[in-house]
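Have a look at this one.
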Amino acid sequence: MTFFIEVVLSGLMAGVMYSLVALGFVLIFKASGIFNFAQGVMALFAALTLVGLMEKFGFPIWLAIIGTIAVMIVLAWLIERVMLRHLVNQEPIILFMATIGLAYVLEGMGDILWGSDVKLLDLGIPQGASDWMLDSFDIYIEKLEVFAAATAAIMVAFLAVFFQKTRIGRALRAVADDHQAALSVGISLHTIWVIVWSVAGIVALVAGIMWGSKSGVQFSLSLIALKALPVLILGGFTSVPGAIIGGMIIGVGEKVAEVYVGPFVGGAIENWFAYMLALVFLLFRPQGLFGEKIIERV
Amino acid sequence: MRKLTRTIVAALLAVPMISGVASAYELVMPTLDYRTGPYAPNGIPFANGYGDYLNMLNERDGGINGARISLLPCETGYNTKKGVECYENLKGEGQSGALVFQPLSTGITYQLIPKASVDEIPIFSMGYGRTSAANGKIFPWVFNFPATYWSQATVFVQYIGEKEGGMENLKGKKIALVYHNSAYGKEPIRTLEKAAEKFGFEFMALPVDHPGQEQKSTWLQIRREKPDWVMMWGWGVMNQVAIKEAASIRYPMDHFIGVWWSGSENDVLPAGAAADGYLSGAFHQPGDNFGAHDDIKKHVYDKGMGLGDRDRIGEVLYNRGLVAAMWTSEAIRKAMEIHGTNEIKGIHVRDGFEALEVDEARLKELGLANFTIPVKVTCENHEGPGQVALQQWDAKAKKWSLVSGFYEPLRDITGPLIAEDSSQYAAENNVTERSCN
Amino acid sequence: MIYRETGQFKANYQDDQALFSIDQDRYVIFGILFITFAVVPYLLNQYWLNAILLPFLIYSLAALGLNILTGYCGQLSLGTGAFMAVGAFSVYKLMVAFPELGFIPMVLLSGLITAAVGTLFGLPSLRIKGFYLAVATLAAQFFLIWLFNKVGWFFNYSASGMINAPPMTIFGVIVTGPEANGVAKYYLVAAFVAVFALAAKNIARGRIGRNWMAIRDMDIAAELIGVRPLIAKLSAFAVSSFYIGMAGALYFAVWLGSAEPTEAFDINQSFLVLFMIIIGGLGSVLGSFLGAAFLVILPIMLKNILVDGFGTDSALSAHIEIITVGVLIIGFLIVEPHGLARLWRIAKEKMRLWPFPY
Amino acid sequence: MNERAIGAEILKVEDISLSFGVMKVLDNISFDIRQGEIRSIIGPNGAGKSSMLNVINGFYHPQQGSITFKGETRKQMAPHVAASHGIARTFQNIALFKGMSTLDNIMTGRNLKMKTNLFWQALHIGPARAEELENREAAEKIIDFLDIQAIRKKPVGKLPYGLQKRVELGRALAAEPELLLLDEPMAGMNSEEKEDMCRFVLDVNSEFGTTIALIEHDMGVVMDLSDRVLVLDYGKQLADGEPDEVRNNQAVIDAYLGVPHE
C-alpha cells in the first residue's frame, strides 16, 4: 500500500515537472494562438545561459538569474521584432512552423555560445530522497521535485494575479479572445507579444533550472517538450490550471501504468500510455479538460 | 592545392571532390563523430582522443611508416541517416579511399556492415555494434575487439558471483538490467537470460526510452523488486539520471554496474558524492599518466592543435578514443608490413586487422604500457581477447580506477549465441561462410 | 515572355481539364521527367544517387502522402514516422517470408497494410480537430514504435531488434541490399515517385480531392452539401497512409538497408515530413517536392560547402547548418507564408505577364 | 408571375421544437412547402429562422416533431440524407470553400452526382474522365446562368462579397436540388445586386422549377417574390399565409414595430 502511495506521489511530482514545461506553451498559445515548438529549446537556452554566466563569467547565482531573465526578455523582443511582427494574422500552422525555425536557430546558437558538454547546474536546490520520508514512512520522495512543485505553485499563483489584477494581464486575456479587443484596451499587440514571450521565457528558465539540476544542462533538455504535449492536450492549450492538473493526471497515470502494467508487457509503455490517456480524454472532451467549449453554427 | 580546388568546386557545385590532385600518398581516415545533439557530451571526448592520437602520429612520426594520415571528421549527431551520408561521402576520398570506419554508434554500425563488405572497407566498431560480428567467417569486414557486449555481460555476472562468494551463490539472487530502449541497449538481454538459466539467478530487464531524463518509474520498480545487483546499458543523459536516481533511493553504488559506455566522468559527476563506488566495465586504464598522453600534449597541444581542453586529456572516453586510434593505426602499420607498401587501401587494412597483435611489449613501445589488454585478432575471431575489467568511481578524488583484473568471458554462453545470431544473419542475407585457412 | 499564353485557346473543356493546361507547363514537366530518367543517372556519381537523391525522392513520396492528409484534407498528423515504420516492417516481413512475391508487389502491399493501420488511427479525427488531433496522432506514433520495438515477431527475434533488408531483384536487377547499384535503386524509386505523384495530382483534382478540400475549408458546409465527413476523412487517412507506407518500405529496403524502429522512425521523422509540406506548400504536389528538397538536400549542401569547401570544423558547420536552415524557414514564411510552391506560382504569374507589370 | 403551377406539398414540418440547454430556439413550429412555390420565412433577428433551415437539412436535431420530405416522414434529418434527397442551401454568412476556385466550388456541389471510385480517379482515364467532363458541362451551364464566367478559375476567397453570394448560389444549384434553402441571399447587398439576386431566384424557380425556401429581411423583396410567408418570433410561429394576409396580421406588425432591425 505504502508503495502504491509512493508511486502516486512520484507521479504527481513528475507531473508537475511536466507542467512546468507545459505552462510556457499555454501562456503563448493563450495570448497569441501560437503553438510554440521552440518552448523546449528555450528552456535549454535559458539554462545554458544561466550556467554560462556562472561558469564563464563567474556571476553569483542571483546575478546570473537576473542576467538570464534579461537575456530572455531581449530574446522575446527580438522574436517579436524579427519574426512575429511580420506574421500577424497568419494561420496557426504557419506560426507554428515559424517557431520551428526559431527552435533551430536557438539550438545552434546555444551550442555555439556555450558548447555541447554536460554542465552541472547547482543552485543549492535540495536534491535526493527526503531522508525523513524514507526513514519514517519508507516512501521515496525526491526533494528537488517537491521544490519544483512549490515553485510551480508560486508561479501559477503569480500568473493568476498577473492575469486577473494587472492591466497588462487583462489585456493579455483580451488578446486571447480577439486582437481588436486588445487594441481597444490601449496596449499594442506588439508590446503584448513581447511581454508574453518574456514571461514564457522566464517560465522556460524555471523549467530549465529544475530539469537541469536533475540531469545536468545538456541538449536533451530541449526534448522535455515532448513530455509536455500530452499534458497540453489533456489540460487544454489555453488553461493554466489545466496545465498543472493535466500534468498531474498524466504523471500519475503513466507511472502507475509503467510500474503495475509495464512489467507484464515488456516495459517502456509510459510514453505512449500518456498519449493514449490524453486521447481517451479528448474523445470525451475534444477541447481538452479546461479548454473552452466549441459551438458550431452556420 | 586540394583544398583550394575543393573550395572552388564546392562553392560552385557543393559536390565533394571525387579525388584531389595527386600529392604524397595520404592515409584517409574518416571519423564519424558527434559533437552535437543529445549524445554530444559522450561523443566529444571520444572524438578528441581519436583525433588527437592520430594527429600526434602525424606530428611526431610524420604519420604511419612515414605516410601521413589525413583525418576526415564528419558530424553525425548520433543520427543514423547522417551517418550513412557521411559514409557515402567519405568512402571514396583521396587516393587510398577510406581505410577504415569508426562508426561510433550501434545504429550506424548496423547500416555500414552490409555496405562495407561491398566497398571492401573494414569497420572497426570497438566494443560496440553487432556482437555476432565477432564471427569473422560471416562478417569478414567488421571488427569489434577487444570485447563485445555479450562477453561483458558474462564478465559482470562473474564479478557478481565473486562478490557473492562463488558462482553457486548466484542462485536465488536477483539481478536487474536498466537498458537504453534501443538496439544497443537490448544487446545483452539474451546473454543475461542464458546466464540466469545457467546460474539460477532471477533476471529482470527495465527499458528506459530515449533520451531518459525521466526514470522515476524504473527506479520505483527497483525499489519494489529490490534486486541484489543492477546492471545498466545506458548512453547520454540516461546515465546521469540513472546514477542520481540510484543514489536517491540509496541503492548501494558498489552493486550498480554500468556498461563501459556508462562509465565516464560525465555520467557520475552530476550525482556528486552520492556516486561514490559506482562500477563500470572497462578495457583500458583511465588517466593521462602514459607516454602517449605526454606525446599528445607535447606534439599536439603545445602546437595549439589539440581538439579539446588540455585538462580533459585522460578522461575515460578520451582514452577510449585514443585506444581505438592506437589499434587502428597498428592495424594499418600491420597492413603495410604484410603488403610491403605504404600505398594501401581498405582491403589491405582488413588483412592488417586480421593479423593484428598488440602485446605488452608493443604497448610499451607505444608509450601505453599496461594501458590495456594485449590483443590478438584472427580471421575467424574478430572479438580478440574478449576480456573485460571493472573500474570504480572515487567521488572524493573524482577519479576512475580499475578495481579488478581482466576476466575471461563465459564463452560457453556467448559462443552458441554468436553462432546462432550470425548464422541467422547469413541465412536472411544469403551470405556464404568463408573458410579461414 | 516565357509564359505567354496568347494563342493557346481551349476549344473544349477536355483541354481545359488537362493536367497542365498551359503548354509551357507541359514542356517543363516533360523536361523534368526527361532529366530525371535520362540525364541524372548518367551525370551523377553514386554518392549523389545514394546519399542525396534517394532520400530526397523517398521523402518526397512521404511528403506527398502527408500532404494529402494535412494539405488537402486539413487533418494535422504527427504519426508519419510510425506509419513509415508500418510500411518498413511490412515489407521486411514480406521479404523474409515470401521472397518469391516480387519487390514491387511487396511495396504496394506494404502500402495497403499501412493504409489499413492509418485508417484505424484516423478514427479520432471524426471528433478531434486541429492541434488536438495532431497531438492525438502522436499516440499512434509512440504506440506503434513501441510495438515494433517490443514484439519479437516483427524483427524475427534478432538479438538487437534491428531489421536488415535482404537482396531483392526486379527483372534480374538487384535493387535492395548492399550489392544494389545506385542507378538501379534510383530508377526504381524515381519510377514509384513519378507514378504516384501523377496519381496524387489526379485524385486531388477529381471529386475525392474536392471533397477533401471542402472538408478542410468549411467542414460544416461540406457536410450540408452531401460530403460525408466520415468517408472523406478516413479516405484521406487511407490514401495518405498508403503513400507513407510505401515511402517507409522504400526508405528501409532501398535506402537504409537496415533500421531500428526507435531511431529510424522516431518522432523527429514525423516532424521532419510535416515541416517539408509546410515549407513546400500545403495542398500542393509540387510543394511536397520543394519541401523535401529544402530539408533533405539543402542541409547536405550546406555541410559540403562548409566542411569540404571552407574547411570549417565539422561541429561548427553543423551548428551553422542548423541555424541557416532555421533562418531560411522563418525568412521564407515571412516572404510567402503559403510555401515555396506558392512562390513558384507567383513567379510564374509574373512571367506570364512579363514584360508588363500587370 | 404566379402562373407557375404550384403542386402538392413537398416538405411538411410538424410541431418541431428545438432547444440548446435551457434556451428554446424553436417552439412547436408546423408548416409545409409546396412543390414549385417560393416560401419565405421572416422574423426579427434571433427568431429562429436559420435554425429552422438547419433543422430541415439536418444540421440541428430537434428534440420533438417530425419532418416529412417527399412523403417520407422522419423525426429528424441527417445532412447527407437531406443532400442526397435533393435539399440544397446557401448560408447566412457565406460558407464557401475559400481555398478553392469558383469552378471547383460548383463542382463540389455536384459531388453527389459523381460516382467513380478512387482507382479510376487516380488514373483519371475512362469513366472518371468522362464523368469529370460531363459534370464540367453541367457546372459550366450554371456558370453561364449566373454569368460568372470571368471568375471561373479565381479562388473564391478573394472575390467581392456579392460575387461570393452568387457562387454560393451556384454551388447549391449544382446539386440540381428540388428544394433550395436560401438563408438571407441578399443580406448586405446594394439595391442593384439585390435586383440581380432576385432575378436569379425567380429564374431558378421558373426555369428549373425548383422549390425555394427563402429567409430575407427586406420586406419589399419578400412580399414581391413569395407565394406564402411564414413569420417566426422568438421561436414561436406568429403567422403563416399569403403575403397580404401576413402584411396585415396584427401580431406581425407588433412584433416588427417592437423589434428594431436593419
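A, B, C and D label the chains in the order they appear, each numbered from 1.
By definition in this document, a contact is a pair of C-beta atoms (placed from the backbone, for glycine too) under 8 Å apart; a residue touches a chain by one contact, two chains touch by 3 or more.
This one's a predicted model, so the numbers in the text were calculated from it and none came from an experiment.
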What chains do chain A and chain B have as common neighbours?
-> C
Determine, using the mean of C-alpha atoms as each chain's centre, which chain is farthest from chain D.
-> B
Pair joined by more contacting C-beta pairs (C-D or B-C) | B-C
Rounded Å distance between chain A and chain D, as computed from the means of their C-alpha atoms | 49
Distance between the centres, which are taken as Cα means, of chain D and chain C, whole angstrom = 41
The distance between the C-alpha centres of chain B and chain D, rounded to whole Å, is 74
Cα centroid separation between chain B and chain C, in whole Å?
-> 36
Could you check chain D for residues that touch two or more other chains and list them?
-> 59, 91, 95
If you look at chain A, which of its residues touch at least two other chains?
-> 111, 116, 266, 268, 271, 298
Going by the touch rule set out above, which residues of chain C reach two or more other chains?
-> 149, 220-221, 224, 315, 319, 322
In the complex, the residues of chain B that touch chain C are 3, 6-7, 9-11, 14-18, 33, 35-36, 73-75, 77, 79-81, 84-85, 88-89, 92, 106-107, 110-111, 113-115, 117-118, 130-132, 181-184, 186-187, 190, 209-210, 417, 421, 424-425, 428-430
Contact residues on chain C for chain B in the complex?
-> 45-48, 50-52, 55, 96, 149, 156, 158-162, 164, 166-167, 177-179, 256-260, 262-264, 266, 300-305, 307-311, 313-315, 317-319, 322
What does chain C use to touch chain A in their complex?
-> 76, 124, 127-132, 135-136, 138-139, 141-143, 145-146, 149-150, 220-221, 224, 267, 271, 275, 278-279, 282, 315-316, 319-323, 325-330, 333-334, 337
Spell out the part of chain A that touches chain C in their complex, as residue ranges.
-> 35, 82-83, 86-87, 90-94, 96-98, 100-109, 111-112, 116, 226, 229-230, 232-233, 237, 265-266, 268-269, 271-272, 275-276, 278-279, 282-283, 286-288, 294, 296, 298
Chain B residues touching chain A - in the complex, by the definition given at the top = 35-38, 40-41, 44, 181, 204-209, 211, 213-214, 216-218, 220-221, 223-224, 236-237, 240-241, 244, 247-250, 266, 269-270, 274
